[in-house]
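Given below, in the form of structure tokens, are the structures.
Each of the next two complexes has chain A plus one more chain, namely chain B in the first and chain C in the second.
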Partner chain A sequence: MSKRVLLGILLACGLTTLALAQEPKTGGVINAVIQPEPPGLMLAMVQNGPVQMVSGNIFEGLLRYSPKLEPQPELAESWSVSEDAKTYTFKLRKGVTWHDGKPFTAADVLFSIEMLKQTHARARNNLMQVDKVEAPDDYTVVFTLKQPFGPFLGIFEVGSMPMVPKHLYEGTDFKTNPYNNAPIGTGPFMFKEWQKGSFIRLVKNPHYYEKGKPYLDEIYWQVIPDAAARSVAYETGKVDVLPGGSVENFDVPRLSKLKDTCVTGAGWEFFSPLAWLWLNNRQGPLADKRVRQAVMYAIDRDFAKDVIWNGLGKVATGPSASTIKYYTDDVPKYPYDPAKAKALLKEAGYKGEKIRMLPLAYGETWQRWGEAVKQNLQDVGMNIETIATDVAGGNQKIGDWDYDIAFTYLYQYGDPALGVGRNYVSSAIAKGQVFNNVEGYSNPEIDKLFADGAVATPDSKRKEIYEKAQKILVEDVPVAWMLELQFPTITRCKVKNLITTGIGVNDGFKDAWLDK
Partner chain B sequence: MLSFVAQRVAKGVIVLLAIVVLNFFLIRLAPGDPAVVMAGEAGASDQIFVQQLREKFGLDKPLPEQLFIYVKGIATLDLGFSFRQQAPVSKLILERLPATLLLTLTAFTISLMLGVLFGTFAARFAGTFLDTAITVFALIFYAMPIFWVALMGILLFSVTMEWLPSFGYETVGANLTGLAHVIDVAKHLIMPAMTLGLFFMATYTRMTRASMLEVKRLDFVKTARAKGLSDAVIQRRHVLRNALLPVVTLAGVHSGTLIGGAVITETVFAWPGIGRLMYDALLQRDYNLLLGVFVICSAMVLIFNLITDLVYRLVDPRIEYAT
Partner chain C sequence: MKQFWKSMLRSPSGVIGLIILVLAIAVAVFGPLLFPNSPWRMVQRPFLPPFTLATVPLGTDALGRDVFAGMIFGARVSLLVGLVSTLAALIVGVPVGAMAGYFGGKVDDALMRFTEFFQTIPSFALAIVLVAILQPSISSIVASIAVVSWPPVARLVRGEVLSLRTREYVQAAVVTGQSNTWIILREILPNALSPVIVLASLMVATAILLESSLAFLGLGDPNLISWGYMVGAGRTVIRQAWWITVFPGVAILISVLGLNLIGEGLNDALNPRLSREGR
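What follows is the complex of A and B.
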């Protein structure tokens, strides 16, 4: 036998073994960390990260999204768009049942939309362009829009639009409905038990519509409030999955090196968390564009990425993260240049007026980042006073516009019309609320571009509009963009296929399996 | 004795009411309200949404009206509804109270027993190496922050030696029952209870030692010695019993501090008690839940103090049930 044939046989055997090894295995239990403990599990009522992380297993949306944010079937098996881009028809899967055995139909979709308009602020905003929703039969839902809305197919993931069982919620007081704490969904896992302060237990849905899935028998979400204790829980083998953000960044390199540990930054493409500094454009030195540009030049963002975030993430170039649609890096650049920052401050006539800075009270990493930025800004002669608050206190100050500089990070939801425009258009200036245009930037040209971009067709037109908007914003520096954050998910390597979509661990564990 | 207890309970109710009113206003002085917190978490925040939440929480009503509604509820033992957790406050607290009681009572027992024991030894062997060793040992635990002792405990006993679990109340998913379950909970309890207990043990050790040395010098001890009683009997029956009064006073005062310490211990060890519930409620500005926890904690402190007064009588029969 020649060497080449032998090599061929060995290669074939190797590939076969690999293929066999990759065949999903059924059974097993996953222990994952959840932090902080969710206040409830009803995704239609509360939409913070931990709620979605657990409930993404229980509830489902009409669509899922690939890491490239392409729509994929979930409760809707197919969809079509009319030529005028104003009518979207969804065909629902047949044979889907709620966890209590009742069938899932178009009536549930219609009810969910009406409920979400009352309880889910983001869903309500997303549905603004919808004129009417109809169900011609039990398995068809037709959305008619007032005008074409480019990102419409991007609003159907489970966190943005979870389907709610009509038969359990119709006619009830949503906020006190007992199913809020023992939810009934259509998802791959069913709620079993919640020992408050300890764990949430989900079990396999034996009647799940995708045959053979889910592979796991159970998921335990363990509540461990202290970051160091969460690291120890992983080190001592008590948990198998640390979703992104579970441990402090400085622990990530150490945990990543542990035996049988796999790390991935995937699964955040839809959210694309982008960190920036709110700069109060209304008053004081920061009302001057040159001072805001000086802030961009003064901050060493590579240092923040490499040292504070342990090399995770990417320096932001502007208002859009590089992972969302219509991103461009063809924008003015702000490299770390303290001399230029000093020159700009001098030109603007800055005389050392006090500037109040609010760090973000999200733990040690953010505290350190606050200190580093303060030092950068002081180095170019800015007089920075750090104001310490907790998250609620910080939000109140930002909402009341009672700050000069404030740290934040926000999700972008895949499309500038959904997660970018809200921070820069004048119509989003509203005192008392957070996460809108709290910096007070107002530019009629930007207002028009975002208004046009949301409804423009075809796609190339949208691209043109958003690229122009990015250039103008980066020149004006309404806020100081810092980093595209990356929250690595740390798992035991035996946990396979945990992250398969652009929403990552927030999309449920239906594809995950254990290589025992 | 009954009238004594009745009077103390009546006084306690008035104190409790004062605590409720005071806390009601104190909490609202902190910037940030639950509607803004929840709107923020929803990933979007518009005027209608925040207004809806305020109305839902009753925050749109004038403060005195909110207070009246709350106090009226308390009078009927209704602690209100936590909109944040979408459940009645009393249910949330009752779910978590047993874990806190188990932790604090165990820590209290450990601290008192070890404290009195070590204090007695230190006093008995005052000025010797043993006395110095005990004093240093006690001071170390008194001087170190609770969270630090907790983390070092985890590092040593969980990570390095692998003797004890590092977090939680029980082994999740083990579904143990009967004796096996009791042993499992006990294993989880050792580190948090010791961490909390060792801090308070230090003060009891110091107090017992000082108090015993003081009592030792009194005339009745000399009399006892003159009567020919053995040293052990004098120490136990005469010195210790009289020296315990300040320790009992301190223990009563500590009942409140103990719950404060439990907040940290419960957080580090992921112990599912009301200390953590209180901390989370504070961060979320969950007013009703926070006030509810305050009411329950205050009631617990008042009960502890009542017990302290009763124990005085047991320790020293000379004390009357004076009011």
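What follows is the complex of A and C.
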């Protein structure tokens, strides 16, 4: 068998042709909301959502991903995988310069990887299977893995692995480097100024390597702390783009009805936020599988979708979102069935013991959701006490396993090995930390399946393994899966091509243009 | 006592206030018996406007919960918080003020500096901090409202006691060898009571407002519905569904108004100078 060469660039050309049905116009300024104000813009150091949303324009990764999560070229123009699936060779794009004019080369890639291993927890984790990285010449980077790692091509997106300028960061203290405040990247827009509490201004990179792009002259990211004020800012025309999650769900229908307003749920395929209830498997009534199943039957998830999320999103069927690899809906189903929930509770001998529930302190939507779920559970006879807490307090309680039911949502990063396994394998039980297996589910079979799945080849083998894992998990209900969330992006219709990839608004505005 | 009721009923504001208070208490006590359904239950489609369905006369909120049921159950929480926290504030404030006023000197200094320590902190800010630290629950809310509202009571009682303790009947009691506790409880406090009662009625109103403000900010007891919570939860949708905020808002307004009117009526009735003029 010869080398499998993926000519991603051809694919990208094909996509661009389709998108060019209408000729893009150059020029114009976009005002977008950024919520909350990011703590910084150096993507290699901080990775909160808003950080990436702004600096996804400044920095770039080697690859980006289509809505179907196929890799597309960005700083790497092509790539190939060796026959034993252990060597990945990336050819870098030539003629790319940093915003300060210095050329981007393979040396920057090598440096970025070393730096990210120190500063970026998820990148460090993603790179664990990497044995060595080498640069035979200025425009070639070769990754050699310890063993085949199926999701490897999924870790090069800008938020997961942003490229950092070696000439500005090498030998410096990363935390205090002055360029953290005025970041230099290779992206389509350059950092211009940041009026704290007011706006962040980015301007067009005139030397961008894709000819003619970006189309926009400037982007203003407006900081508006109050949700109601953000909707008003859109209505009055102060901003043109409301990225997902920046207004309350209740406002979405009203805003979408406004003239010249376009709404899309696209652009979250890579993250695929999945909401669920963490159920404490260790103690109390929820240690009984039947009680956990009763929770699934008791909750009216369609109601939550239609009323609380305004019909956006999708009822989750299990641990994987339907947008990520190896998803299957061939799993046990839990429709809304209070009678069945009651029967299961009775069978499990539940006697009305108190169950503590932690809602998520992320605003109105989540509070209302907590109230609706509480009512659902009370209706089948569960004795729920809501514990009010802030985000930090909630994280602490969850990390200390001091809860019975807790709301959360987590990103899935396109592959079960990157975003799903961490919540169910017993090696991810670590007291004091959140966003891992805090429910305390431990099943040697699941541990083995996820361990095998990460390194199995070919793809069909991985598919088989992960489908089996999903079936077992859905039967055991370690957590109660609620919804695949969709955060609608609201824009004026004159803003075109804002979202072109599975990373959405977080992937930079390089294709966006304004129709005047 | 008869005299008191007579002059109380002669003041129109007092009568209106009393009627409102009695009604509110009746709703709080008996309402939930008439509406046994939990106010958290989702009964109809969300955002149903008021006066469209007889079963949900005041419409439904963002989740389809009955606004009317919420208001009735909310009355319970609001009044309970108002009364209990005022009572707690009196239990702390009256003895502190009485001791400071009666003993004077170093005791007075110590107690008043302690009181001023609380008075220098803006009361609402302190209440927020306390509730946030203690975790929002009905008991922590009552406690924090009591903590921020006792200092005015203490200052008022101290002032009254200071003037009363120089009266001859108090001096007579001292000469006859009665104990300090006895003198404070039997001779001084009963005569200092009328301004305290007036203040207390206003404190109940303030406490209801404080609880509503806390709940509005999301610091209410998450397991109990209250008017402030309803206003806070409906605030974000006020442009689509005004009724979710307006009805509980009006309920807060009326009950606070009622308590203020009672305070005024009590003031008229208990003020010897005013009532003598009426005779």
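Simple rule for what comes next: the second predicted complex is superposed on the first by the 495 of 516 C-alpha atoms of A that agree within 3 Å, B and C clash if a C-alpha of one lies under 4 Å from a C-alpha of the other, contacts with A are read in each partner's own complex, and residues count from 1 in each chain.
The rule we apply is simple: a contact is a pair of C-beta atoms (placed from the backbone, for glycine too) under 8 Å apart; a residue touches a chain by one contact, two chains touch by 3 or more.
Only a predicted model underlies this, so the values are computations on that prediction, with no experimental measurement involved.
Q: Is A:458 in contact with chain B, with chain C, with both, or with neither (first, second, both, neither)?
A: In the superposition, A:458 touches no partner, neither chain B nor chain C.
Q: Once chain A of both complexes is superposed, is A:254 in touch with chain B (first), chain C (second), both, or neither?
A: In the superposition, A:254 touches chain C alone.
Q: Of the partners chain B and chain C, which touch A:387 in the superposed model: first, second, both, neither?
A: Second partner only.
Q: With the two structures laid over each other on chain A, which partner does A:311 touch: chain B (first), chain C (second), both, or neither?
A: neither
Q: Look at A:228 in the shared chain and tell me whether it touches chain B only, chain C only, both, or neither; answer first, second, both or neither.
A: In the superposed model, A:228 contacts both chain B and chain C.
Q: After the superposition on A, what does A:136 contact: first (chain B), second (chain C), both or neither?
A: Once the two structures are laid over each other on A, A:136 reaches no partner at all.
Q: Touching A:40 in the superposition: chain B (first), chain C (second), both, neither?
A: In the superposition, A:40 contacts chain B only.
Q: Just checking: does A:335 make contact with chain B only, chain C only, both, or neither of them? Give me first, second, both or neither.
A: neither
Q: Could you look at A:359 and tell me whether it touches chain B, chain C, both or neither (first, second, both, neither)?
A: It touches chain C, and chain B stays clear.
Q: Tell me which partner touches more residues of chain A in the superposed arrangement, chain B or chain C.
A: In the superposed model, B touches more residues of chain A.
Q: Show me the chain A residues, by the header's touch rule, that chain B contacts in one structure and chain C contacts in the other.
A: Residues 228, 389-390, which sit in both footprints.
Q: Please give the residue numbers of chain B that touch chain A in the complex, ascending.
A: Listed in rising order, the residues of chain B that touch chain A are 30-33, 36-50, 52, 56, 81, 83-87, 92, 95-96, 99, 151, 154-155, 158-159, 162, 165-170, 172-173, 267-273, 276-277, 279-280, 283-285.
Q: Can you check the complex and tell me which residues of chain A touch chain B?
A: 29, 31, 36-37, 39-40, 42, 45-48, 118, 120-122, 124-125, 175-176, 180-181, 195-199, 201, 218, 220, 222-226, 228-229, 232-233, 235-236, 238, 389-397, 399, 411, 413, 422, 430, 432-436
Q: Considering only the defined contacts, which chain C positions touch chain A in the complex?
A: 38, 40-42, 46, 62-64, 132, 135-137, 218-223, 233, 235-237, 239-240
Q: Write out the stretch or stretches of chain A touching chain C in their complex.
A: Spelled out, the residues of chain A in touch with chain C are 227-228, 248, 250-251, 254, 303, 307-308, 359, 364, 367-368, 370-372, 374-375, 378-379, 385-390.
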